[in-house]
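Reading through the structure tokens given below for one structure.
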């Protein structure tokens, strides 16, 4: 059960209204790295958790994130307070509202659709979606997801702090940013208190593939670093990495029942491409200048220089002169 | 302006209720290839169209698709009519509703969330979204999109017809399917009445790249077909296709201002990877059996056969025996 | 600020596990009419509200809805408790898990992707999205939205109660359902304590259009009811309803600058349809049996009876015999 | 079935093009409170409705909303008419198009992706989604949803009217706004003609919970208002509101089968947290200045003042001086 | 299997950074007509294709599109390179970052949320979604979809070329645009090499409906064009087009089981509208000026002129003077 | 640039077709933890990366994930091969297709909409969306996100392996699962090679908040564990945790300009709730049995027992007998 407390977890002092800054702040209200995502991530994990210690921790932090959600949402509301009155009551001069709605970012959506409130969108006006939560119900994976989520949230707060010189906003954001650091430390402790925790889950890896690094790029070999170099690693060189890893032929097969095979054949036959003929196509029918060669012509090797490309303006200004086959 | 007519465009006679079949029918009500997508596709194109003939055609067909939407939606409602009453009024035996909601497909969503109505979802219960409409406001592209959309809708109707032996449903679906054929023919005419129409738009292609086919796969050469073979085509062989097409070095560059360069350098330095050291990692801290080699060990080349993999059940049943470094 | 309380707002006693029922329950956890939507709807309204009484009410009810979210999520977790262990640890018999994952509904997603936890999805496995919240920041509209939202939530709970005979689940759902009734009453009071509240907002309606009912359907006149009948209403008869409401010509116009007009003309000319010619089209090139008439033929008036449609199986079994023009 | 009428329901006279204003207008074309949402909301309700009078009303109003969709979409097209030609044909001066695309709001998306047409997005360029429709197939809930939807739509039109001084646009928007008022009145009549209609649906509330108001906030008592005060209400005081409403212990339980219990135990054991040890974590490995205390250190109680926070620029400028444990 | 090549398929030379232009370029990186959509469209078709020639073609082109994705993404990264450093390291002057984030378009999202990288969004900051792929697994439809997709992609590139005067960007975009032309030609060939290919799929159309054009608009007849005119077409005149196409009554019916009928009747009765009474409604309770007539009043026929509408500012400035019934 | 190789990275041998199993496999094709998400996550990071070693690693692993995408997609296609032919060609017996489409899970969507191909959806038929990618462009956060993503992917593969006894499928899935382990190890190395890497980014935490653990739950104290216990932590006890963390009053404020203040006051006044009156509401107008007390009545304290709730069927079977005020 939850209780609400009429005081904010951190006092909010905003110097002046600024709907464009408010719009940026939405990133941590209804954005992917924001506080609703954090709260719901830990809350849903807490509900399903059977370990009593982790359950307490998850619900404590979830509740703190809800309290953060309120702080950042309140910052948004304060920054929008001038906009909100104007949208509600209208302005004397008709053109003035148009200007107010076009000050920058996606603040026009906040004004027009949300009336200057704190909407659960990111700074690009995309409504929050639970796709942001990557919980899968296995603590050795979920705690790693939480660690990463806290790291991301810390960074977005850092960026937001950098966008404003309002000391009250900077201070409250500083608190919120710092708490992500503390939460990350708690989740790290929780992960490493499960032993072992790697690989996550229960099934072991196939030993022949746990220590290989496949060089998938041709050209120069990959820069050696601790992620592919040293006694722990076997690098599979590019040529070899382009061979099936299991040493067989890299093909795919399935055993089909009789009717399945028959229907498959029927479909294949119905849809077989005639490789011999060179059919006239819809593109041939409609081709104009700049289409390149069409059926019955030789491929075009004329070149257009970069400068020509840069100057190109119209269909007639580039490409080989030609006319539609229908006009010939 | 629109007017509604109380008669359906095609009479609907359904033999018996079937909420699972109803759920499949939703594919053409609120699915990506369905009638709302068709109606809105042509309606929005019609609004923006300046050519009077095409405008008439687009609005005529849009209106017909709205009429189709009503037909397919009515089929859904008829098939759900038993479910609807049950959901509204409840059933005597409590377990019975559970069975009714679990007859198959996603019909449980239609029952529970939509009360047995025709919801604007596809057969997988995904609500309709305007991402399904690919109109871009250029008739030589949009008419091709319309042709393709009609082809897709025709196929989905064909599949739906194949799912049922209810003659009344088959007949109404047959009508709807056939009209997609007729619409495709109209859109084809409209496309080819613009001359030229290929390439779409106004800028010509760069002649050196309009007629080339790049063989991007290594291994055997591509099967020759009219799409890469014949006088119209120059095939760029695989080796050559892996060279930058412009004959330069395939690199990327941008000119930076002084402060930009300086900030970039600062970020690079702050985040530089130390390539020399082999750091202990979080995975090392938590590693258990099946993790493969960890820092300080040699890469593991033991193999697990396919049969072993197939029989694997637990962390202890596979992988090299090893214990966490923290336990050593 | 929020505080969490380790006791649930309502005690949950589940008789036995049932992942399919759990999946249905998700509708009120992460579905459009569910508790997260309710909590966030009122919480965000509360943040932006300047009236102290309404602010208290919104935050009280938001907090209660969060507490409900915990109750319904806990029911989901209890119903999934058997599934969760199985997914985490695997089962002896390999085929058994396949059967467990295919018991019905979308419970396979909960098992496979969410490990048997309570995910923020609806019963169709669609993740929650803030599009479910329709708050616009004007209390005379938002309170009506809240009233409607409570009514919808009440109904979904009623349907869920009907799906199960587990007395502990029914009782907890009964509590949750009842609270929606109480909340609706509070929101009604709050709406009517604003005077006047209709029309919502500040601008008055245009008097000539506030009391009209447009008969938009041809065929019989609409059934008279209090929504279109009586002294309060002027019905605009169908014929008249198809005339522009403003008495002008129902056309659209805009004044264009010179360059705008010129560019528009250029586009129109480039894209003009040739109405005279009857172009061969892509459909003509590929036409086979069942395509109907193609270019150069007369329209086909042959009919296929309903019985024929019902029996149709293949391209050759229906339609007029014809061959592709390319083969002629 | 539907018919289209070549005249608009309201004549549209736009003074001059303005793609930024056009972008705002999209809110009522493809936005959540817009005309497509309205039309589809009533159309789908009408299809499923069995009461003949309400069915007529729903389809009449749905058809009118489609006619409104055409009016607002036409306004968008008129406002974009200059942009559309420019996008189609290009401009002489290359930089000019860049400026035209960056005039404000999300008009760049309309230009670049939609070619200056009326796309089914909101003013934030989010495509329309059927999540906007909250119909659940129970008239006593759906009519309340409709009432609320009309109230919201009225407000968005009011805001749009306030954004422009173009008299032709204001007038057409005034018509559209007014019709939402009339529709709301019709839906109100339809709701109250069902008796009783509260609580919606069929199941009664549990009497002990219908009249309670839970004070969920600590701090001062809620402001008394008609929503929680008077003979009709029992306020549950904050202390009591934090007790389970059913008088039991607020715990959750489920009966598990033997195998279920065993698998659950196995998972719990595998994933048990070791509460005794204080493990070194990944954060410890990577910790630098500003990380606070790490494993083996005492918690840090140094404070950073608000002014320091406001001036913070770099990792070295704040926090306790410390170095990574790996470097010690 | 794939291999990566460290050279780009086309060399990228960017003159100077420009985050607003970068944001526009995202349209072809993570937008609906962009390169990821293209690559995934052909890749998934290729996986399922059984015709060896088409399979090769689809995977060759998919691979080329992945290579294009890298080119356009690299252009985005180059244009954002200044922004990226600033976001990572912060700027000396606090307000400067605010200005940098508000230069136009949705570049603030790229900065704040994505740190100046190339995110898989369109130019409106909407993340990519697989709804953009319209593949249905039938080559005669899918190849048409591919043709249309290439046409759309060509146009978006054309528009992007028009937005910039940076010659290096124009040239690389010119290459990408041209390849869409070549791909379209290949897909056209592949479509027409299947004979017949129209109608797509296997079921024939019903002959009586393949050649009809329904005039769905009243007012003037549709402009005659090749899409509705000539020997190939039968135009169904507007009057006739408003009759059910099957010659029956255009009604809908289903046979219900006894219990189904009974439950349906019960629901209908419970929810029946009382057509006789004229109930007082919620709108009546809250009505104020500008609401029009309320229950017990005569419909209001006063008119507001367009000029009045244009000047309307407040509730008291328009509408008939009236007071709430509750105040009378 | 990319090249394709006609061999799979791992040979696929499927024993028999099974569209329901195919549907589960989609989780790793188009699901949130699947291979497209992995490939695009690393590919987009690689494009923006300036550190040459990490750039190589990211593109190598991205390319390997694309190769995995092909393996899992091919498994899906093999499992669907019987379904695909049936959908394409139809079946003799009409009811048979209905049964084939309703075998379980969401395989009906794959059949009906995607024709038996491998669609980019998860196992719940939700199309892939780039919201799954949580990259923010800061390596110390992104590498943690990658570590977590690999952990999640490993688990989903483990679950998929458990769902099938087909040895060929198990073996290929075992390979894919193992590679996630290896990738996680590489990303761990890459993270810890940046020193320091915690806290991520550049700004330090505020020292007074980095080491605190807030006990946000009332009731018993949290279970002590390494995440809140030991010298590293200061636990803020529940009572104290409900005080604003900054020691001030937890209120929010903003300085408003004159006009802003005035407009805000006007809105507040227009929308003020009348706290004195007890208005009749819409719920009062429509109230029936089970509604609890309505205006003018005393709150209802009658109780309904759990057994009564469990047996409740109709509005008349529960609640206090009462009639609508309109009928009194």
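First chain written, first letter: the chains are A, B, C, D, E and F, and each begins at residue 1.
Just so we're on the same page, a residue touches a chain if its C-beta (ideal position, glycine included) is under 8 Å from a C-beta of that chain, and two chains touch if they have at least 3 such contacts.
Source: prediction; values computed, not measured.
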item: Length of the shortest touching-chain route, subunit A through to subunit F; value: 1
item: Which listed pair, B-C, A-F or B-D, duplicates the contacts of C-F in over half of its pairs; value: B-C
item: Interface with more contacting C-beta pairs, comparing D-F to B-E; value: B-E
item: Distance from the mean Cα position of subunit B to that of subunit A, given in whole angstrom; value: 18
item: Overlap residues in subunit D, where contacts from two or more other chains coincide; value: 1-9, 32-33, 53-54, 59-60, 63, 67, 74, 77, 84, 87-91, 106, 113, 115, 121, 124-127, 129, 131, 136, 138, 140, 147, 155-156, 158, 161, 165, 171, 174, 181-182, 184-185, 188-195, 198-199, 202-203, 205-206, 210-212, 216-218, 223-226, 232, 242, 244, 250, 264, 267, 270-271, 273, 275, 277-283, 285, 290-292, 294, 304, 309, 312, 314, 326
item: Contact graph of the chains (line, ring, star, complete, other); value: complete
item: Residue ranges of subunit A in contact with subunit C within the complex; value: 1-9, 30, 36, 40, 43-45, 47-48, 59-60, 62-63, 66-67, 69-70, 73-74, 76-77, 84, 87-90, 113-121, 127-131, 133, 135-138, 202-203, 279-282, 285, 326
item: Subunit B residues touching subunit A - in the complex, by the definition given at the top; value: 140, 188, 191-192, 194-199, 202-208, 210-212, 218, 223-226, 229-234, 242, 273, 275, 277-279, 282-283, 285-304, 309, 312, 314-315, 317-320, 323-324, 326-327
item: Interfacial residue positions of subunit E with respect to subunit A in the complex; value: 1-7, 50-51, 53-54, 87, 90-91, 94-95, 97-98, 101-102, 106, 108-109, 111-113, 115, 121, 124-127, 139-140, 147, 161, 165, 167-168, 170-171, 174, 181-182, 184-185, 188-195, 202, 313-314
item: Touching residues on subunit F, where the partner in the complex is subunit C; value: 20-21, 23-24, 27, 31-33, 90, 92, 104-106, 122-126, 155-156, 158-160, 162-165, 216-220, 238, 241-242, 244, 250, 264, 267-268, 270-275, 277-284, 290-292, 294, 304, 306-307, 309-310, 312
item: Sites on subunit B touched by subunit E in the complex; value: 3, 5-17, 32-33, 52-54, 56-57, 59-61, 63-64, 67, 74-75, 77-79, 81-82, 84-86, 88-89, 91, 129, 131-132, 134, 136, 138, 140-141, 144-145, 147-149, 151-152, 154-156, 158, 161, 171, 174-175, 177-179, 181-182, 184-187, 189-190, 192-193, 198-203, 205-206, 209-218, 222-228, 232, 242-246, 248-257, 259-260, 262-267, 270-271
